[in-house]
Every structure is written in structure tokens, then in C-alpha cells.
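Dropping the structures in below, format is C-alpha cells.
Look for subunit A in each of the two complexes below; its partner is subunit B in the first and subunit C in the second.
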Partner chain A sequence: MEKVEKKLREEAKKLLAEKKVDVIVGYEAGTLPLTATPVFITTPEEADKLVWNSFCQHNLAKYVHDLISAHKDSQKRLKPEDRKRKVVGVVTKGCTSRSLVIHLQERQYERMDTAILGVPCTGYVDRKKLAAKLGGEEILEGSLDGANLKIKTASGEKTIALKEVLADNCLTCRINNPVISDSMMGEPAPPMDFASEYAGVDEFEKLSPEERWAYFEKEMAKCIRCAACRQACPSCYCRTCFAEQSMPQWVGISEDPSDTQAFQFMRMYHMVGRCVDCGSCVSVCPMGVDLRKFLKKLDKDCFVLFSQRAGEKIDFPAPLQDQRMDDKEEFIYSPGGGH
Partner chain B sequence: MEKKLLKKDKLSGIVKKLAAEKTVYAPVKDEDNVLFKILEPGMEPLTSFANTKNAPKKVFFPHSELLMKYTRSPKGMVFAAMPADAEEFVLFGARPCDARSVALLDMLFDQEKWKDPYYIEKRKKGTVISLACVHPPYSTCFCTSVDGSPTSTQGADLMLTDLGENYLVEFLTPKGEALAPWFGEATAADAAAEAKKQAIAEQSAAEIKKKIPGRAIKPILDVSFEHPFWDTIAGKCLACGTCTYVCPTCHCFDISDEIKGDDGARIRNWDSCMFPLFTKETSGHNPRTSQKQRWRQRLMHKFKYYVDNFDAIACVGCGRCVMSCPVNIDIRKIVEDISKL
Partner chain C sequence: MSQHDKPAGKKSEGWEPKIIAIVCNWCTYAGADLAGISRIQYPPNVRIIRVPCTGRINPFYVVKALQAGADGVLISGCHPGECHYITGNLSARRKFATLKSFLNYIGLEDGRTTFTWVSASEGERFAQVIKGVTERVRALGPATKLIKKLRDVSVAAAK
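Coming up: the complex of A and B.
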């Protein structure tokens, strides 16, 4: 990982020095132990802040979209010949690259607006899993030591195997290396256990509709409507979210359970063929709502019905952009028994 | 002010007995979180925990609160203001920082000129039992930098301090004293207990290593509204409401009407200065169009405007926002950075 980090810094310095990019979105060390946080690098000197490790959780494609859209807005009033392109460099793992592909498929910006610094990914630490492992004890100090985390808490030093606290989406990640990149930092990472990708969904499908609904209600009851899930999601880039429209008001802003359920329901249905299972919505959730169970089900359905995985192939239209004569449609409710 | 000693193993029973008679909000384990919830039969109130994920402000200032109902009738609109009436309740297990937050909210919702009947009614009916921090629960705690302390009694009606085998029970206000019958098993506290508590208070405050210049940045903020510094903090902010929703002192609200057919309800909901809709006017104009402006508002509100208005910092140093921010925007660092401007 140190090698990747070294190469990443060199590449970032080069791109900035040669003015090939205006900004690089990456990760720097956070202010809390065992964390990384998004950072925007604009000069070669700052590039040494960049880190690449098992705490780089965020899907940075979100910021690529934000930065390019804001820049385009700022150029709107200029004559076309005076407009300048802003190139955003981005540290890109597998899931981030799939989100970039979705943006490109959805014509949000052009490929040449980005410089993709690909990094091999072996998964990030799920902070909630880690906290549970420590029985809620605060991490006072911590470091990564090969395949283990060395952690100091009030009750002493602890060693925890990294693989025990990796996020669920990382453990069964199918695409942990970038699907597109301009430069690759080091060798591709070995595959994760993708054979069991849908094991959780398969189990969930076996439950009765009542049990599944009970689980949905239980999870949604934890939600405090802070919208961190939506804000962190690279696929949630609507200028005005339906949840914030007032004429008509699609969902209320109160704590009413049906409003919370409707918000989450509608957001999730916008994710068909657009969720790359980066786990951002889950990792940012302050209350630990299990959104992944439902999103993964949509992902599975999309694959089973349309043989598509979100953002997997750049030269292939996304499932919601494409219609084929042999598309399956048995799931469509038709009281008359079909067409 | 009366002080008593209570055997530690008696406390949980007292809280449960209280819960049988009136609503008691207490810290309980909820899957991986510790949350303030209404204590139902069979639930165990926690007496030994770090701090809750959610702040207790919601018991006085609910996330959503019905203010008024109305109906369209052939004769015109019929309005019905919702009474503020609240039933007696107890908030058990607030940490001193969270208890202080209630005192800070009082400054706003219960002013001489402006009074919020919904809030005030709940304050009248609610009794706050705080649990002193014998050790600061997190390394992110910084109450001592914002006029608080791990054993502050501000905002509490009754405070419990863990002395080892006993709790020192301090009845601080008439509302607190009204709970004395529940603490019938407690015995009079002696001078030794008082001395022990004093020692714990000093020790615990000394254990808070993190210091930020909470008061010192006020004169800097007074002249820094246009400072380029504000461009540097909001870049990675997701514009979610986590920091403000877990914050014990954030109190901005939005009022929305929910209409179904001829019936309408006016509901007050928590708002967040982090949301793009914050302060957006009916005309469509928003005086704060960028996250930079909204972040400046958050900082200024806590460390300047509240100080201007009430001579108090609207932050109690609980560290919840530091721990919960999904992108690690650390208010402690921002305050330190401002002090160097």
C-alpha cells in the first residue's frame, strides 16, 4: 500500500506541475485515529498529503460531479470561445470508477474533464463494525500493521484482523480495481470473495413478505432524515431532490414514519442499475440504517433480469437508458394476464 | 441544597419505578447505538455508558411538533391551535454537557420578550437527572473549552456522581427535590463524600486534554465575515444534516404545512444550516446560496451570534459532530484555525 501511495503522490505532483489537471480529489489522514477524509489538492507541494490505505472509504466520484457542475455553471454566461475546461483528477478505486462510468453514461461531463488515478483496492474498514468489535470503546490510537489493526483503547492494546472489520460491500466486491483509468498506481489488487456477493440477498428473499416489511420498518425507524445517504451518493446528483420539492410536496419533512419510508423507498428506486455498492450511504449513516440490504436486492434484480451491473462497462448503455425486444417483463403487474 | 448517598445498585430500580409512574427518557442500548428512548417495561436504563448517539434536546424540542390544525369549511377556514400541554416526565442520564445544552436553549426559547410556549411547557414538566462524568467519556470531549465541565450542574435538576460504591445525589432545584421521595433509600451525605466529589471533579476536568480557544475567537469572528478562510472549510462537506441533528444545542427549525383534502396541519421540524434549502425564501431567493455561507453561519451562530445575544457559546463540547461527521470536518480544528487568522 505504501508503494501505491508513493506512486500516487508522484503522479499527482506530475499532473499538477504539468498543469494537466486543475485539482486532484483524493484522501488525506483524518483528525481521528484510523480515518481518512476527502482532500482537494491544487499545488504539487500539497500532493504529499495524499494517502491510500484501508480507511479511504468515500466514493470520490461525488466530488467530481460537484466540481465539474459548479464549474460549468460558472462558465454559462461566457461566450463559448471564452469557456475553459476544468480537469478534475480523482483517486479512483473500483467502485469510484463505476460511478464515473455512470456519470459518463448519463452525459454529466466528458471523459476529458477527468484524469483518473487508478488505485488497487482491497476494501475499507467499516467503522461501525470496528466499534462493535471494540465493544463501543473509543479508539485512542491506532495503526495498520500488515493485515492487522493495532489499536489502543482505555482498557489496553488490541490487535484486530483487518478482514474482520472490512465493510460488507468490500468483502464481496466484484470489481475492486478501476474499470477505467488514465494511470494505474501499482498492480491490480487480488479479487475479493465475489462468489458470495448476493448471499445476504438470497437469505432475505427467503423471508415472507411480512418479515421483509417488518425489517424495512425496523431499519427505517432509525432514520433521522439527515440525508447523509443521499448527499454522499455519487448517483444522487439531482439539482433539487424530489424530497425537497414543495409544489407538489412528494414527501413530508417531518419525522412521520411513512414520510421517512417514502423518502428512502423513492431514493432507492432511483438507484436501479445506478448503485455500484460502494457502501457510501451505509458508512456515512450516523444511525446505522441497513440500506444495503435493499439496494443489493435491486442490484441483483438488475443483473438477473437485464444482465447488467451498474457502471461496469463504459461502451454499453445503462439499463434504464436501453430497451431491447427480449427484455424481461414478467415482473410488470398486468391484471389481464399480459398483453 | 440537599445531598445524599445512594448505593449504586439501587439506581436502576429507582429509574424503573419512576418509569412505571411517568414518562422517563433514558439511555438504552439499541442495536449498536446508545440512544435516549422512552423507558418501556423490560428495558434496562444504562447507568454506565460513554454518551448517547443522539442528543436529548428532542425531549424539549421535538424533531417534529404539531403547532396547529385547520380545516376548510363552507364558512371559511377553521383554525385550531394545538395546546402546548405536556405531561410530567423525567430525562434520566443526561451528561453534564447535554444538561448544559438545555440551559443554553432556555436562553433562546424562554426570553423576556419572546417565549416559545411549546418549549417552555415541556421545560416546566420535565425534570433533568444528570450523570456526572467521572472520567471524560471520549478523547474528543472539549466541554472545558466552552465554559462547561465534566461535573457542571447547569441545566440539571438533580445530579448523580459515581463515588465508587455510592452515588452522590445532589438535589439542585425544586423540581429535583420533588423527586426526593423516590430516593428514599439514600442516606445523608457526609463531608468525606463531598470532598471525594470535589477531587473527582478536578481530576476529571484535568483529564480533558483537548483545549480549543472557544471564547478567544469571538473578536476575530467579529471582523472576519468576509475572510477568505471561509472558502477553505466547506469543500468536502456533504451538506447532510448529521452534525446539526446530533448537536445538543442546534435549534433552527422550519415550519411546514401538510395538507390532505380540506385538512391541514402546521408542523415545526428541525432544520439544518447545512441543507441547501436552509433560509430559502418563498420567492425562491436564498441569501445563503453556497455551502461556504452555510458553514460560516454554523460557526458564527455558535461562537459569535449566541455570544453577542446571550453571552454564551452555543456549543457544549460533547464532540458528537466531530465523531459523527461522515467526512471528518472537525469543529475543534476549525476553531483553532480561526484563532490563528
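Coming up: the complex of A and C.
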């Protein structure tokens, strides 16, 4: 991992010195122990801030989209011949690369607007899992020692296996190496345990509709509609979200549970073939809503029905942009049999 | 749909299923027309909304209809390959395959949402579809999930 970090800094310095990129979006050490936070680097000197470790959880594709669309807006008032391109370099793990592919499939920007610094990923630490392991105690000091975390709290030192606190989506991640990159830092990471990817979904499907509804209702009752999930999601980039639209008003603003259910249902349904399971929405949710249980189903359906996974292939249209004459249609109702 | 005749979610005497049918202008709407011209009888429980093409139907329409208290939602368009706009129904098929599956996954009954194809020459089939869907929804009883009940609460408070 240190080797990757070193190579990443060198590459970032090179790109910035040669003026091949205007800004590099990456991770720097957070202000609290065992955290990393996004950083925007514009000069070669700053490149040493960059880190790559098991605490880099953000999906940076969100920032790439934000930066490029803000830049494009600022260029609108210029004559076409005076407009400049802004190239954003981005530290990219598997899920980030898939989000970038989705943006490219959806023509949000062009491939030449980005410089992709690929990093091998072995998963990030889930802060909520870690807090639960420590019984809510504050982390005073911490370091990563091989496959273990060494943590100092008020009640003494603890050693926790990294594997025990990795996020659920990382444990069963299928694509943990970038699907596209301009330069790859180090060797690709070993695969994660993706065979059990849909275990949670399969189990949930076996429940009766009443049990499933009870679970959905219970989870959605927690939601306070702060829309943090939407803000963190790299696939949620609409200028006006349907949730704020007033003509027509898709989602009511009352405190009726059905309004929250409809909001969450619709936001999640938007993720058909677009959710890369990066865990951003889950990690930012202040109420701990189990969004992944539902989002993973869309991912499964997308693969079962259309044999595609979100952001897996760049030269291929996204599942809902495309259609085939022979798509499966078992769900079509036929009263007399036949079609 | 803005008027609830009866409080949603309560099985009351003389309850009749309320079904929203969103149909495409070129095939199913013409099919419904043919059923009418041919004087084929079918249950009067369905409220038809005509749209240019099934590809135009936003999946939110289905959620909105359910939230407003529809007991069932039917969507019908041209058979694959016969779309007036060439591939509108094929795009719709992908959307609705995932929508129905997701609605079922969160616990909605399978019979609440129905997707089918009825062509302009299939007046008989249209009547059969409406009969079939009405029976399915009737068997399920009044809708209880995803419904916005706030109106009922305010109505009760006003009394």
C-alpha cells in the first residue's frame, strides 16, 4: 500500500508539473485518527499530501462531475473559440471507475476531461462497524499494522482485525480494481469474496411479501429525508432532483410515511444499472437506513434480466439506454396464454 | 383519483377495485375503442389514461397512482416490434421489468401491477385483460401499501 502511495504521489506530481491536469482529486489524511478525506491538489508541491489506505471510502467520481459541470457552466459566457477544457485527475478505485464510466455513458463529460490514476483497492473501513467494535469509545490514536488496526482509546489499547471492520459492500466487491485507467499504481488487488454478493438479496426474496413490506416500512420510518444519500451518490447529479420538483410534484413534502417511502423508492429505482455499490449513501446516512438491501436487488435484477452490471463496460450503452427485441418478458400478463 | 370515495385500506361493504390503466395511443387505446365498438362487455373498474407511447410512461406514474390509492395499475402498449415509434415499447419493457420486480421486492402484491400488450385489432383481448386484472385485484382486496393516508386523517379530524 505504501508503494502504491509513493507511485501515486510521483504520478500526481508529474501530471501537475507537465500541466496535463488542472486539478487532482484524491484523498489526504483526515483530521481524526484512522480517517481520510477528499483533497483537491493544484500544485506539484501539494502532491505529497495524497494518501491511499483502507480509510479512503469516498467515491470521488462525485467531485469529478461537480468540478467539470461547474467549469462548463463558467465557460458558457465565453465565445466558443475562447473556451478552455478543464482536465480533472482523479484517484480511482474500482467503484469510482465504474461511476466514471456511468458518467461517460450518460455523456456528462468526455474521456479527455479526466486523467484516471487507478489504484488497487482492498476495501475500506466502515466507521459504524468500527464504532460498534469499540463500544462507542473515542479513538485517540490509531494505526494500520498489516491486517490489523492498532487503536488507542481511553480504556487502553486494542487490536482489531481489518477484515472484521471492512464495509459490507467491500467484502463482497466484484470489481475492486479500476475498469478504466490512464495509469495504474501497482499491481491489481486480489479479488474479494464476490460469490456471496447477492446472499442478502436472495435471503430477503424468500420472505413473504408481508414480511418484506414490514421491513421496508420499518427501514423507511427511520429516514428523515435529509437527502444525504442523494448528495453523496455519484449517480445522483440532476440539477433539479425529482424530489424538489414542483411541476409536477412527484413527492409530497408531508410527514406522511408514504411520502418518505415514495421518495426512497423513487431515488433507489433511479439506480437501475447505475448503482455501483460504492456504499456512499449507506456511509453518510445519519439514521442507518439499510439502503443496500434494496439497492443490491436492482443490481441483481439488472444482471439477471440484461446480463449487465453498472459501469462495467465503457463501450456499451447503459442497461436502460438500450433494448433488445429478445429481452426477457416473463412478467408480461397474458390472460388467455400466449402473447 | 384525487377523490377517495372510501377510506383507503379498509375493507368496506360494496368495495369495488379502482384500477388505473395507462395505455398507448396507437395500440391498446385503439384496442379499447374496438372493444367498445364491438360491444364487448368488461368490468367498469378501470380508469384509462391515454399516453402517446408506453415509452413515455415515467415509472413514477405507477408509484404515484399507488400512492393516490389505486388498487391496481395496468400498463399496456403495442406488442414488441409493432411500436409506432419503433422501439418505445422495448425501452418501456426494460423499465417495467425492473420496476415490477422492485415493487414486488419491497413487498407489494404481485397482482397490483400488471403489464401487457394489446394491439389495435385485439378488442377481445382487451376485454379479457381488464376482466383478468379486475379479478386479480378483487382477490387481493383494497390496497394498503404505499398509500398516502393524510387526507383521510384530515377528513376524520374535520368531522
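Going forward, the second predicted complex is superposed on the first by the 328 of 339 C-alpha atoms of A that agree within 3 Å, B and C clash if a C-alpha of one lies under 4 Å from a C-alpha of the other, contacts with A are read in each partner's own complex, and residues count from 1 in each chain.
The rule we apply is simple: a residue touches a chain if its C-beta (ideal position, glycine included) is under 8 Å from a C-beta of that chain, and two chains touch if they have at least 3 such contacts.
Bear in mind that the values here come from a model prediction, so they are computed numbers and not experimental data.
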{"item": "Which superposed partner A:D256 touches (first subunit B, second subunit C, both, neither)", "value": "both"}
{"item": "Touched partner set for A:I224, first subunit B, second subunit C, both or neither", "value": "first"}
{"item": "Touched partner set for A:A131, first subunit B, second subunit C, both or neither", "value": "first"}
{"item": "Which superposed partner A:P319 touches (first subunit B, second subunit C, both, neither)", "value": "second"}
{"item": "First, second, both or neither for A:L140, with subunit B first and subunit C second", "value": "first"}
{"item": "First (subunit B), second (subunit C), both or neither touched by A:V39", "value": "first"}
{"item": "First, second, both or neither for A:P286, with subunit B first and subunit C second", "value": "first"}
{"item": "First (subunit B), second (subunit C), both or neither touched by A:A161", "value": "neither"}
{"item": "Touched partner set for A:F242, first subunit B, second subunit C, both or neither", "value": "second"}
{"item": "Subunit B and subunit C footprints on subunit A, overlapping residues", "value": "252, 254, 256"}
{"item": "Of all residues in subunit C, those that touch subunit A in their complex", "value": "59-60, 63-64, 67, 79-81, 87, 90-91, 93-102, 104-110, 114-117, 125, 128-129, 131-133, 145-150"}
{"item": "Subunit B to subunit A touching residues, read off their complex", "value": "30-34, 50, 53-54, 62-64, 137-140, 235-236, 238-242, 245-246, 254, 256, 258, 267, 269, 272, 275-277, 322-324, 326-328, 330, 332-333"}
{"item": "Subunit C partner contacts - residues on subunit A that touch it in the complex", "value": "204-205, 209-216, 242, 250, 252, 254, 256, 258-259, 261-262, 265-266, 268-269, 272, 294, 297-298, 301-302, 305-306, 319-320, 322-325, 327-329, 331-336, 339"}
{"item": "Residues of subunit A defined as touching subunit B within the complex", "value": "30-32, 35, 37-40, 58, 62-63, 128, 131-132, 136, 138, 140, 222, 224-228, 230-232, 244, 249, 252-256, 283-284, 286-288"}
